[in-house]
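Residue numbering begins at 1 within each chain, and the chains themselves are lettered A, B, C and D in the order written.
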Amino acid sequence: MTRSAGLAVVAALAIVFTAGHVAPPASAQAPLTSGGPVSPALLEDLAAAYRVLANEGVIDGYGHVSIRHPGNPNRYLMSRSLGPALVTPADIMEYDLDSTPVDPKGRRSVLERFIHGEIYKARPDVMVVIHSHAPSVIPFSITQVPLRPVFHMATFLGGGVPVWDSRSVNDPDAAALLVRNGVMGRSLAAALGKKPVALLRGHGNVVVGPDIPLTVRQAIYTEVNAKLLIAALGLGGPVTYISAEETAAVEKNPGDIARGWELWKRQALGK
Amino acid sequence: MTRSAGLAVVAALAIVFTAGHVAPPASAQAPLTSGGPVSPALLEDLAAAYRVLANEGVIDGYGHVSIRHPGNPNRYLMSRSLGPALVTPADIMEYDLDSTPVDPKGRRSVLERFIHGEIYKARPDVMVVIHSHAPSVIPFSITQVPLRPVFHMATFLGGGVPVWDSRSVNDPDAAALLVRNGVMGRSLAAALGKKPVALLRGHGNVVVGPDIPLTVRQAIYTEVNAKLLIAALGLGGPVTYISAEETAAVEKNPGDIARGWELWKRQALGK
Amino acid sequence: MTRSAGLAVVAALAIVFTAGHVAPPASAQAPLTSGGPVSPALLEDLAAAYRVLANEGVIDGYGHVSIRHPGNPNRYLMSRSLGPALVTPADIMEYDLDSTPVDPKGRRSVLERFIHGEIYKARPDVMVVIHSHAPSVIPFSITQVPLRPVFHMATFLGGGVPVWDSRSVNDPDAAALLVRNGVMGRSLAAALGKKPVALLRGHGNVVVGPDIPLTVRQAIYTEVNAKLLIAALGLGGPVTYISAEETAAVEKNPGDIARGWELWKRQALGK
Amino acid sequence: MTRSAGLAVVAALAIVFTAGHVAPPASAQAPLTSGGPVSPALLEDLAAAYRVLANEGVIDGYGHVSIRHPGNPNRYLMSRSLGPALVTPADIMEYDLDSTPVDPKGRRSVLERFIHGEIYKARPDVMVVIHSHAPSVIPFSITQVPLRPVFHMATFLGGGVPVWDSRSVNDPDAAALLVRNGVMGRSLAAALGKKPVALLRGHGNVVVGPDIPLTVRQAIYTEVNAKLLIAALGLGGPVTYISAEETAAVEKNPGDIARGWELWKRQALGK
C-alpha cells in the first residue's frame, strides 16, 4: 500500500455510497453544505484511529483525530467530544475549515477543533491531523532539549520539531493555553510550517500526514522516539542522532505501513 | 456541565429518594443522626471514583475517596475498609465530621478517615476529598524539589503544593505516619489551607474539590504532571512552568470535565 | 486481623482436614515423613501468593514463595518448578529443611529451594519466604546506593537491607550465582540475619515474614519503595528517609493488612 | 529439557509429518526446493515465539523470529509480513539462505529477512534468529555506554555486545537504515561474530541461539538487563557487572529453561 492509496480509494468510492451519518437531508437549509456522504470504511478507520492511539498510550482522554473530507477539501471530519477509546463511526461530525459544525444535531464539539481546521487551511497536502498529550513528548516542550530522531522508525522528525508556545499569540484567550479559536489555530499552523510534527508547550503535540495509517504510525513513533531519547540522554555522553541523509533515504521508502496499522487496529478493536 | 451542577442536582433529589444504604431506621436511638437518604446515582458515582482512580493508577490498595453528604454538611460518605477496585455503593458508610461512623453495622472503617472529616470542617467549599499514594507524586514529598505545574491539565497546582510532614504534629501517634486521629487530621487540613492539593511526606497526597468529576480529574492530572516534571528535570536545564496568569485563565474556564469522567468510568466499570 | 492470626487458625485446623495433596500414604516407607495434611485454605493462599506477586509485577517467571509447614516446623511447602502465574494448590510440594522433597512423585523442584530451607533453619520466627527478581530492587544490589525506606508502607526496611554477594561464598558453585545448595543457602541466611529483606547482588531479593498476607505486602512495598527512591534520587538533593523512630512506631501498629491481601487476591485470581 | 532437545525431537519427527503449509507440490517446477514438511508442533512454537515476544514487550509491530529448517540447514522459516501478536502457523513461509521465498503464494515477505538468511549462512550453530526494537536496548546503541550484564539471567551478554551501524556498510541502501539486502545482512552478521546478541544503531537488536525457548528467553532478559542497567547507571557510582567467571559458570548450567517458556506461552496464547 502506498502512502496515499487508502484515501484515494475512498475518495473514488465516496460518490457511490449514499448512506452517511453526517450528510444533511438533501433539502436542508443549513448555512453550511456537507461535503457529501463518506464511505463507511473510512469512518470506521477514523474511529479506529482514535482507539488505536488510546490503546497505544499516545492519547489520553482528551486527544482527537480528524481527516479531511474526501469529497470536499474544505470540510473535515472529527468525533464529537468523547473519550477516544469510545469513539465509533456514529460519533463523527463534519466541519468547515473555520471549524463550524455542518450539522451538529445537538452534539458537542471539542473545544480545540481549530487546531484541525487551521492546519487544513494552511497545508493542502495534509489529509489527517492528530492532537495528543503524548506523555514522553511533553518534556521536550518544557525544556530547551530538542526532540530529535534517534530511532529508524522516527526519521520523519529529522527536519526538526518546532515548539509552539500559546503565550506567543496576541489573543485574549492566549493565557488559557487551549487552541479555542481560529487565531490560536492559525498561529499553531504557522509554527508547524511544512513539518509533520509540532509540539505545544506544556500541552502535547500535533502530528499531520497524508493518510490514516501513516499518520497514526508517526504519532506512535514520535512518542516511542521521545521515550528512547529520554533514556539515552539519561545515560549521558554524546547521542548519535539520525542523520539528514538517513531521513531523506527513509522518506523515499518508508517501508511496510500496513503491517502496523492492521495489528494496532486488531488490538484496539478487539478489546 | 458546570463544576457544581452534579452535586447540586443530587442535593435536590436527595429528599426524594427514600431507599438508602446508610440511613439508620427512623426509630434508632443512635447517638448520631444520619444526614438522610442519598441518591443511588451519587453513591454509584462515589463507588465509581474509587474504581476510576484505581484503574488510572492513582490509588493503590490503600487509597480512599469521600463526598460531603448532600443533605447535611456535617456528614460525609466513604467506603468501608476495602480495596478501591472492589468498592460498590453497598460499601459506603456515613460519618460525622469527627469521623465517627453514624451506623457502622459491624463494618470496618479506614484508619485514616480523619483526613476527610477534618478537611470538611476546615473547608466548607470542599465537597470531595481523595487520599492516594500516587507514585509519581511521592518523590516530591521526600526531596526539596517543589511539585509545580508544567502541563495545561494541571494548572490548578499553580498556587503551590504544600508538603505536610507528620513529624511536625505534637501527638503521640505522630511517629506512626498515619492520620489516625483528629489532631493529625487538623494539622494536615491546616497545611492544605485553601489549596486543592497537599502532599504528605513519604506517604502520598490529598486532592480536594467541588464535585466528583473535577476532583477525580485533578487527582489524575496531579499524578500525570508529576511524571512529566520528573522526566523534564531529568533532561536538565531550565524548565518552563505554567505561569500564574495561565493558572488564573484556565481556572475561569476549565474545559470539558464530563468527557474524561465518562471515559474513565466506562473503562473502570467495564472491567 | 493480627499478623499471625492467619497461620494460627490454619495450624489449629490442620489436624482436622484429612485430604491433602502432599501427604504420603500412611504406610509409605519414604525416608522422609510428611508434616501431615494441610488445610486446603492454606494451600489456596500459598498458590494465591504466587499469582498475586506475579500480577503485581514483583516476581517474573522465576520467583517462588514458600510457607513453613503448619504441622511440623521442620518441613516447608512450595510449588514445583512452574511459572508463578500458573500455580495452583495441586502444584505444592513438601520439603524438609535440607530442601529434599518428601514425596516428589516425579515433579521437578526449583533449583534454588535451598534459599527457603536454610532460612527456615536459621529463623524460627519466619513462616513465609519469598524470592523474587523484583526489578526496581536489583539496581540497589549492583551499586553502592543503599535501599532505605522513604515510604510509610515500607518502614520495615528501616533496620537496613543487607546485600548478599554469591561470590563471597566458598563453594564450587558460587560463580554460578544461583543458590543451588545448602552452603549457598546458609550464607544467604546468615547475611539476612534478623532482617525482613535481603538483596542478592545482580539477582533479586528475599522477603521473609510471619504470615502470607503481611509477607506478600512487604514484598510488594519493597518494590514500590525502590521505585520511589530511584525517582527521588533522580530529582537530586537530599532525600528524607523514614526515621528509626517512625519504623519503630509503625512496627507496633502495622495497619490494615487484610485490605490489600483481599484486593490483590481478587485481582490475581479473577484474571 | 536440555538446550537442543526441542529441535532435535522435531527434526526426528519432521520426516513423519506430511501435511505442511510451506511444502510445494511434489511435482512443482519451482526454482527452489523446499526443505520438506515441518512438524506442526515446531510451527506452533515458532508462532508462539512471535506472540510471546510481543506479549513480553520485546517486539513491537515490526519484529520477527525465524528458525532454521529442521530438514535442511539451507532453508529457514519465518512469518509473512504480519504484526507479531497475530502470527499463526499458517503464516509461516520458507526461505533459502539468500532470503528468497521458496513458494510465496502471493504472501508478502518482511523487508529485513536478510538479517536472518545471512546469519544462518555465517553461523552454522544458530538455529533461531530474533530481530526486535526492544526499547530499553536501543539507548545503548545510540550512546557510548556499553550494554553489559548486571543480572544473573543475562550472563550470556558477558562476552560483549557489538553495536553494528548501518552507515558503515558500502551499499546504496545503507542510509535507509533497514537491512534490505544481502550486503547489509552480511555486514550485520560479521559484526555479530560469535556472540548471541548484537545491537543495530538507532534500530534494535538481533538475538540468536540454539532453540526457541532459550533464544526467546535471552531476548526477554536482554531487554530486562538493559532496563536494570539504565536504572543502576541513573543511581550513580560504580556498577557491579557480572564477571567473566560468572558468565562461564552459568553458561555451563543455564538452569530451568522450560519453566519460563511454558509460562510465557500460556500467557501469550491465552490472551
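The rule is simple: a contact is a pair of C-beta atoms (placed from the backbone, for glycine too) under 8 Å apart; a residue touches a chain by one contact, two chains touch by 3 or more.
This one's a predicted model, so the numbers in the text were calculated from it and none came from an experiment.
**Q** Please find the path from chain C to chain D through touching chains that uses the fewest steps, and give that number.
**A** Contact-graph shortest path, chain C to chain D, evaluates to 1.
**Q** Regarding the chain A and chain D pair, does the interface count as same (over half of residue numbers shared) or different (under half shared)?
**A** Mostly different residues form this interface, as fewer than half of the numbers used are common to both chains.
**Q** Taking each chain's centre as the mean of its CA atoms, which one is farthest from the centre of chain B?
**A** When every chain centre is compared against chain B, the largest gap points to D.
**Q** Using Cα averages as centroids, what's the distance between chain B and chain C in whole Å?
**A** 35
**Q** Once you find the CA centre of chain B and the CA centre of chain D, what distance in Å lies between them?
**A** Spacing between the chain centres: roughly 49 Å.
**Q** Multi-chain contacts in chain B: which residues touch at least two other chains?
**A** Where chain B meets two or more other chains at a single residue, that happens at 234.
**Q** Using the definition of touching given at the top, classify the network of chains in this structure as line, ring, star, complete or other.
**A** Chain contacts: single closed ring, each chain with exactly two partners.
**Q** What does chain D use to touch chain A in their complex?
**A** Contact set of chain D toward chain A: 60-62, 81-86, 108, 110-111, 133, 135-136, 138-145, 167, 173, 175-178, 201-203, 230, 233-234.
**Q** Show me the residue ranges of chain D that touch chain C in the complex, using the header's touch definition.
**A** Touch residues, chain D against chain C: 150-153, 155, 224, 227-228, 231-232, 234-243, 245-246, 248-250, 252-253, 255-256, 259-260, 262-264, 266-267.
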